[in-house]
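Think of it as A, B, C, D, E and F in the order they're written, each chain with its own count starting at 1.
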């Protein structure tokens, strides 16, 4: 197997830590740098106790090593600002922030605070292979999707592809997420006593991930995001109202068509036992997604579900998956982690 | 203050325990009986550790004492079967099950397994004072609402009353609930290792509480209920699409109109600090409801929220509140519990 | 009933919030001031969502109102510094910090950073009525105990009183506490993702509460404190090795002797059902303590348990209880909250 | 690499599921059978959602396939009863129950309900390689240790080996465990509403794992086990009182000596950052153990900590590790899972 | 080994040899619980569902 | 004590005496954070919001 050197900018953060976990166990990568300004010179294990065994210290993002692949796991706006030096340092840049997720500069004016490096937008490819596999091979700038967007895109894609939901239709997306979505820097509302046990509408309307749904599925969505009691996990419940009649068989057909060859997606839709629909805890720690659906004939509604680990399939795992595709590696390399059963609130 | 004797049938269950907690602290009630078949002759504190101080033992439901008020906290179907003896034993019967919640016998054929005591349906009053106060005074058969229905009814009522949502409109209701909703008898899926940390679509479609929304607000709803990590709490997120334009001021007007004189309802809609929208943990252990809304102009959507303690405002608290009204007591008597802050996952 | 005015210095903190909750529901108190520097002029409900109904805004601790009772819920060192103005403002000062808990100035040099207002130490009475009731009547400076110390004192007192454990004996105390013990200001280790689900030895040795055990029971203890997953609660497991033979009957005798007339202490020691030994969640939100024991004849060991709500019996509740005694009120006034069942992780 | 066929008796249980997860990902094993009476003919994924991808159905334990290695993950007493057929079916039997853990038949009379297959006891080897590596090579009956015993053995072994604690000394062991320890069959006390958020002394005295400490370290321990809020994890806090003076340097020396060559043990003892002492959540899902210590000079005490995943290092992981040794495989084969960070309450 | 079609999702379900009428198996694709109503040739039907009872 | 109308929900907000321009208070009804932009007579405006930053 060919081997590639890798750097993680923002290695002390939550998704940066996940990247390190994945790359350290990945047979084709060798991690040569992880940056942190706050923890410069501290061992990686100081911050990430699961990586105590790793013989690596954080270094400054000011002095980037030259590598094959640079992963950036920094807050919105940082990659935009440093994209030139990132691309100088590495042939392939994989960014986990929103900075290169949307194809059009305009969308950044509408949904974010504008864009300051628009000349790179045309080079960027959306990382989710289930949507954009064909454009990833050989890409040199990849933008990992938003976690809530990813859960929703995977849940809705079969319905869109099969034509059950289309352009004008308004889909209600009700998302539940864990606290790791907020990153390592959390403020007062993220303290354990305040954040524990909540069902908290933290983004009741106007969520930025609506833009990704629009851009990549052409879908109008009305998003509401709730913080719930878990650390890892994003679960999207999408309420769609197809124009015409749909049967369970139609739905199975659509989901099978979309995912039967996908290595990371399981369709879970109403079987027996305890786990009948997608659940984030079943995929925590893995790059897997569970998607599924339920039919509500009385309301002419299809409820589509998508459950992922926000930091994995929703971010770092998706990033590594896309890098595998871009570099011509076997897609699942380094991403064969299995979920845990039983498991509490991971 | 006049005093009333009370019995709790199903006193060893979850809502039965809540009834006992409330009645024991209620200045106008004296509890003379609590039934349980499984725990007959055991002290109430054997089952409910918070009531260790109570000098009362469970007795058989076969031998009902004659009391002023009989509260029944038994599974669906039990009250129907025993309603004659319940009404013989007490002048006022307050039932927490679904057995007398719906006004029409037909609805029981559609949503439940039919009804075997239809002759009592006409006597029954729906317990929620915010909807039905005027009919409760002097009632002698009262049916406490469903918990998910209660959260939704309280969230949506102002929008219906103000005419922002009307008959034909389809409202998507996405509910998140705690494990106590399943009652004390839980099976495998309710065991701690399997139930912990879930975001589990347990009633993806076809939820029976749609019937109460139809009956009491004339509203068509498309319900989906998720089990999430908490023991107490039900939180309804209602996605409504008013026909015409609505402003924040309109919404504040509608909610204030509906609730400014209500002793148990707080409107929480986007202020500052950590707690900006309704949250179940803020009302856990109390008879309070938090309701609120957010406006999504882009999607022409109003998101309405309702958060309650499923066993309190959603059941036992609502029952005692209704009994207070029926008996001519001050409405808040015995129901002045305050929530806790901070609190984890109550 | 006589009525007293009260102020809460540090009203925006966790125990300050509990004081407010208790005093607002207390028939003999009227809250006239709650201070906060950070939230000056904001409503109390902005910080404490359970007190939204309260018509009071935080004011500056620089301008203290003249009141009957001033409660201080500030970090260690603050009361020491302001004790003169506190005592000027109020006839009775009840302090929740450690500043006046220990009788001897020396002890502050050993366990804390010394003491700067030693002239008040002689006036201070330790708040725990179960230990010090006789000295509280008429006191004008009261120091609420430490929460871990309180749980341990209540668990061990019967064994000491009965002579089963004595001076030279070394008792191992293994404590488990919730996240609210850290107060509202928590840092990174208190963020939800890092703090969730831990069994974290946060004070493996050298815990300051050993000093209170020494001072008030004459007991040498080897303390270890673990943070575990809950917000409220402190549970002390005390491993004691009596010199001579002890029977279960002896132990029941000792605990009954100590607590049968105590209004807030329940002895729970190995009965049937699910709740056989003291558990913090059964007393969360209340001023109650559960204490109990198990006999280990093979190891000649007695295991003594104490479970409380750290912010209630372990702090604010204890403070109000002591104030009731000091002011000649019925001890239980305003402190009749019952625990919840079922309840999750409160 | 040589390949071995494997069967899991009790494959529908919690540790049976972990065995399947490990064996499916293990390059040297091929799983040919998983038994369950309750789920006969159902897919493995019906019970274990993390193994949906596995093409295997449960079969009856009455019809055992002939394999190289049979793993038994059945309740105490079952292996004893079927040991002859187990050993007929496989050259190597690895048992996860207590049935062959103790070397002497007498000990079963004292701690369990006696033993009915004592003739096999002499063949059995204790699985924990850190204690018994030299006897595992070529073994054909292996008994995985108890989970609480494992956490304690690993924590205490360095102190015993270094002579800081010896025979007569009484060590207090205070254990905190997750709900998966109870297995999949849990009753009422294990239901989510009752089990959530507890600090529950479930085995206050007389815990059977004391026997393993006695047998394998020659140590007298006074065990108390608490159920706390987590699903996976066992954490032992051992309070030891060495006869003579001990320094931190001595302790570091002892732990390093014991574990520096061990692939699965990390020593974590008071460094910086958030994770300073052993924590079960840092090792959840892995075969790793964290051990550490704190010195309490005032009390002449050493506090030793051990944290593991009860189902992994405390059972299935230990079993696979021992099988690797017995079969002459690289010890870490199939056991390279890394923990997660951040992670909630796994 | 024989196969039959799942009535829920249409996937092929592999059946073991000593199939008996009344047995319940789950579809490996959709997880539906299927009852064997005939054995030669095998015919499967959706088995009656056992829902968790959520009172509310 | 003076009063002013909350610009968010229309409720009356009671104002303390020594009100200063730039102070932020919250409306007792809707909780909105209001900035004092003038004192005589008092004028309140919605204060710029400080959102929790959720990266995702």
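Brief remarks on what is shown
Here, a residue touches a chain if its C-beta (ideal position, glycine included) is under 8 Å from a C-beta of that chain, and two chains touch if they have at least 3 such contacts.
Chains and their UniProt names: A, B, C, D = N-acetyl-gamma-glutamyl-phosphate reductase; E, F = Lysine biosynthesis protein LysW.
A quick note: this is a predicted structure, and the numbers were derived from the prediction, not measured.
Each chain gets a centre from the mean of its Cα atoms; the one farthest from the centre of chain C is E. When the C-beta contacts at D-E and at C-D are tallied, the pair with the greater total is C-D. With centres set at the average Cα position, the gap from chain B to chain F is 35 Å.
One finds 63 Å separating the Cα centroids of chain E and chain F.
Residue positions of chain A touching 2 or more other chains, listed in rising order: 14, 179-180, 182, 184, 188-190, 193, 196-197, 230-231, 268, 270-274, 276, 279, 342-346. The set of chain F residues touching two or more other chains comprises 26, 31. Across the complex, chain C meets chain B through its residues 14, 17, 21, 24-25, 42, 46-53, 178-180, 184, 230-232, 266, 268, 271-275, 279, 282, 284-285, 336-346. Chain contact summary for the complex, chain F toward chain C: residues 16, 23-26, 28, 31. Chain A contributes residues 170, 172, 174, 176, 188-189, 193-194, 196-201, 204-206, 220, 222, 224, 226, 228-230, 233, 235, 237, 239, 241, 270, 274, 276-281, 294-296, 298-299, 301, 303, 305, 307, 342-346 to its touches with chain B in the complex. Interface residues of chain D, counted against chain E in their complex, comprise 41-43, 45-46, 55, 57. Of all residues in chain B, those touching chain D in their complex are 14, 179-180, 184, 186, 188, 190-193, 195-197, 231, 344-345.
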